[in-house]
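Each of the next two complexes has subunit A plus one more chain, namely subunit B in the first and subunit C in the second.
Coming up: the complex of A and B.
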């Protein structure tokens, strides 16, 4: 009996392996583009957003796409080998931790075009790209500052690294611009994705008296949890309006497809090759439409909150006294120009200890933004690595 | 005072899936079978509970289906570890990975929408879990069934000699454990956080395995242990301004190792693992 079972199982495995290696006949020679994801495409956050963009690319351009999901950081090279073996001529690696592996693979495959998201190392066949949210967080902060009644807004952060700190600081600067008394209470998850942790962190912030939430975590947990107490929130990364239509005010949406489409069109046109990417860096923001303000595409601010934002006024040097709603619109217009007319990280800015971090007349450069560690005034709570 | 109550309520909320999962694991291990597949059974339960609740509008039906799914997954483990007498640890680990992968695959396209009809977090399952713990404790220590179950885990040869069908008892215990793990997973997706996301169990299954040991395989102690672990998890965020979260989140595992070490050295027999835990039983051996 046992023999038979194991033989049978062996047969199944053999058949499965054989099936897996039969090439699925596609005679057409399209450009093959590979994507390597750090998480599962079902995460409804970072990886999901890249995958949505991948599918749009496949619809709009004459390319064939391949992808690998849930690749551990630091173990990207064998997966690059596999995609190259499957014929990929362009490979996107979509996590910071893939940087060194991608650099090594780019040397090994000099004829393949590589692009690495969120990193800073480039080569003749390796470009970098990033769709960043700091402007959008600033705008969310303006709204949060106007809407908080307890003068405590909360932020559930993933890891205390420059990327998240930049977003948190931008959010805090926005909050304090409208509401100088408000504090920004912080909790860290030490995880990009953990619904249980996000949930208990939200509960801890609720206990602090926080009534408006923003977060960096790849699930709608913070929104669902705060909505149970009828507290307001800003969505992160994916369309999350439907998780709490009465409490979600706005949020950040990403459009990776703007970068992928632009990059691949230039590859198809022969403009980008495996020889000229040394200086190709996409740092795309509102002006390039790589990111969008809102919790649902096309809905910048939940209509339920428009009147409250219109009735709260703020004094500004540039525009005089105007409503927060109008201020948000003006700032979006300013940041949609290229080059931008306004930047949240234009000096003078002090950190929460009173140290001047951005002198007057200076605006933080991309290099400074991607390595910043300081905490903005009003941020309350632990801040690992604070200078 | 209200602070304390508030923290305890959070402890109950996060402790509920831990308790349900641990009660199941305790019964399986009492019969002598370690099932490290809790994480896999939970995530399958979480997905099916969500999908069924979303389609039918009945979260309780979702939980029932989660129990069936968890039991079916456990059946696989029982077949491999009882009938084929393969290594239980490897089989359990494989079940965890299989469950995570399968749930992720089936869950494609289900992420990104909230459950239409969620179950209130503190409504049915927390009190039912406590009640279940009491019933399981009475069954285990004060009934003939309990003697059969414990004997099967302590000395399957003796149970066999008593006329007990060792394989049957082990099958039933493992399947029952899987059903409870399925419900625990279902609780996560229909009540604790009513939506589906891949990998949403986030390692709770492993805390469950530790909890069964920490509670020294006693259903009543599991209630206190689940409350303690749940409270610690919440406190790791509540106290973050003063205490870094890592030590508090490590605590369940540290406690478990401590308890294992202490009971192995000084503990009475009844505090220790079932004698035949993890060992396949073959009639006539030893």
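Coming up: the complex of A and C.
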């Protein structure tokens, strides 16, 4: 009997200790902000860029952040439940595939502020946001057109969806503006992150005679693989200059923190609430500094290539004959104004089949950009869903 | 039989209680080992476990989430138990599950069946598709003696790429702006949920019914007898006139069909569309192999093992959100639990008896044929 009593006592003490550690009501008053990521934070691409921005937000604003990485699409709703359970009052979901789950969660939690990246469905407590690269790809295209010697530039694409097609077309328009003979050879990976597939695609493009590379894939594989043959490339999403300092010309860099800081400041100031987000859509570009041209922050063009870009000239209607280097600077200046003075998708533009896609005098709207399917002239290779 | 100090080690069929004791000890050992990881990560292990227990079981809305991954694991797992009992090593539940998702999507989006008949038709189509996907490897094995581990595994990749092709190609929905999804299913193809949860209960009921039905089938029917005999001794089965072809085909039809039902549940109860195969299934067909293995040939035991995995998945999610741990650490945690559980399998073959020297020896354990799949004979 005695030892039984002592055993019960032990059990009670253990349970008491355990219960003592269970977090009870949170004393902190900071706004809790949750982030749901589609990939691992170390992916060196999309998710990493969002996470870098999350950490900057936490440093600069009086908020506390929570994140969940590698979330499968079917589990976005339960993870939102758990974040709300942890006290999150603002939740960012950062993948297109999370759209329907976020819409459903926004209905279930009418007092929580939601924002969904890259989607098109909004609600009174659900905003949308996107930092888009199409202008930057156009500028990279201008440089690629000037630097190719084989007149074949390559593009390794993730999925043939409007977002990637838009970037590829902008890149192709830039290439052909400087070099009307060039082709833009395309390979699709059907994957956002796949170093093996990216390696294979790069090797295939090298075999086709491609000597300058751009891509949409969340690893530096294309850069590393093309650098082995001393071929040039443009960094994608993260600063990738260090992976091939002699071959990376420029690239696309993102600054999600500009959007997150702006959005959360407005939430903190009471300007954005769970009641007035129906029309809040961030479509932020160069002018808002949400994206940047560069091989790494502050290095717009790798100094190794400046002289070649300065010695290649191009005839333009607007500026007369000037070097590609100067053209890039002028275009950046034009697109850094708000509203922009120049847009790569200003008509007239025909697709590669000769069909007029943007009539003269018209510039593509955001709605048209986010649903575009056609291929620009010079694009060579398969194009699933080509109209 | 072996004497170690005052203990005697007998070999033989483990009792249910012994299985539970060893498994619980294994999980406890895994918790201690994982506690080391928590500690290395800068967390107080006791605090970490308290948070995990609270947020997995007690937090509002958390408990039902355990059962969402349980549903596909139960269906696919119970089918695998049947196949393993017949010594047919079906590694292809993932592919059979995906075949089920394709058939269900086909019915939901591309047939005129609407209204209350939609869901039964989807389940029927999913069962048939899963069964047929499992049939080809069994025919290859029976007719040409091709190793079924290889063929069932390879059929998974065919299914995976087939789904991938469908959603990026012919079945890509006009309403999804070029992304790789089909259109959303019509409302009549959505499985009802238990209110306040995300448990698509018709699939769960199917899983429980199937577990019970397969238990009865194995224990009480002629086919069950044939399966058991063939599984334990194919030569004897042939000798007593059991038709190996018929038995194996029926087993694989049921096994593949069950996995196909799991696939229907995922598209009709969770996603409401067909999408990238790696997003549809989260590897349930592979995890179901461990679910079936731990169930040790007993269909009803999958109710426990599948729930255990639901719990493991759920606690992994909690670690990510409540403890802000990286995704990979949660995988390590889950891996440790499995490592210890499967590692403890070997211990189950022994019974420890208190037998100090001089005490009368108990009757030696008679040679019992190990019940497959025990840890003895992979």
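In this section, the second predicted complex is superposed on the first by the 361 of 387 C-alpha atoms of A that agree within 3 Å, B and C clash if a C-alpha of one lies under 4 Å from a C-alpha of the other, contacts with A are read in each partner's own complex, and residues count from 1 in each chain.
Going forward, contacts are C-beta pairs under 8 Å (C-beta built on N, C-alpha and C of every residue); 3 or more make two chains touch, one makes a residue touch a chain.
Please read these numbers as outputs of a predicted model, since none were measured by experiment.
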So, after the overlay on subunit A, do subunit B and subunit C clash or fit? They clash
| query | Is A:201 touching the first partner subunit B, the second partner subunit C, both, or neither of them? | reply | first
- Query: Should A:355 be classified as contacting the first partner (subunit B), the second (subunit C), both, or neither?
  - Reply: neither
Q. In the superposed arrangement, does A:381 touch subunit B (first), subunit C (second), both or neither?
A. first
Is A:373 touching anything from subunit B or subunit C once the two structures are fitted on A? First, second, both or neither.
second
Quick check for you: in the superposed arrangement, does A:220 touch first (subunit B), second (subunit C), both or neither?
first
Next on the checklist: Once chain A of both complexes is superposed, is A:48 in touch with subunit B (first), subunit C (second), both, or neither?
Outcome noted: first
Does the superposition put A:239 against subunit B (first), subunit C (second), both, or neither?
first
Thinking of the overlay built on chain A, is A:187 touched by subunit B (first), by subunit C (second), by both, or by neither? first
(request) Could you look at A:161 and tell me whether it touches subunit B, subunit C, both or neither (first, second, both, neither)? (result) second
Going through subunit A, the residues touched by subunit B and also by subunit C turn out to be 40-41, 190
The answer for subunit A against subunit B in the complex is residues 2, 5, 40-44, 48, 187-188, 190-191, 193-197, 199-201, 203-204, 207, 218-221, 224-225, 238-239, 242-244, 380-382
Contacts from subunit B onto subunit A in the complex sit at residues 3, 6, 10, 14, 84, 104, 107-108, 110-114, 188, 192-195, 197-200, 202, 204, 233-234, 236-238, 240-241, 244-246
So, in the complex, the side of subunit A touching subunit C is made of residues 17-19, 21-23, 40-41, 66-70, 72-75, 77-79, 81-83, 85-86, 96-97, 100, 120, 159-162, 165, 190, 370-371, 373, 384-385
Residue positions on subunit C within touch of subunit A in the complex are 44, 46-47, 49-51, 53-55, 59-62, 65, 68, 164, 168-169, 172, 177-181, 184, 198, 266, 270-272, 275-276, 279-280, 282, 317-318, 320-322, 324, 326-328
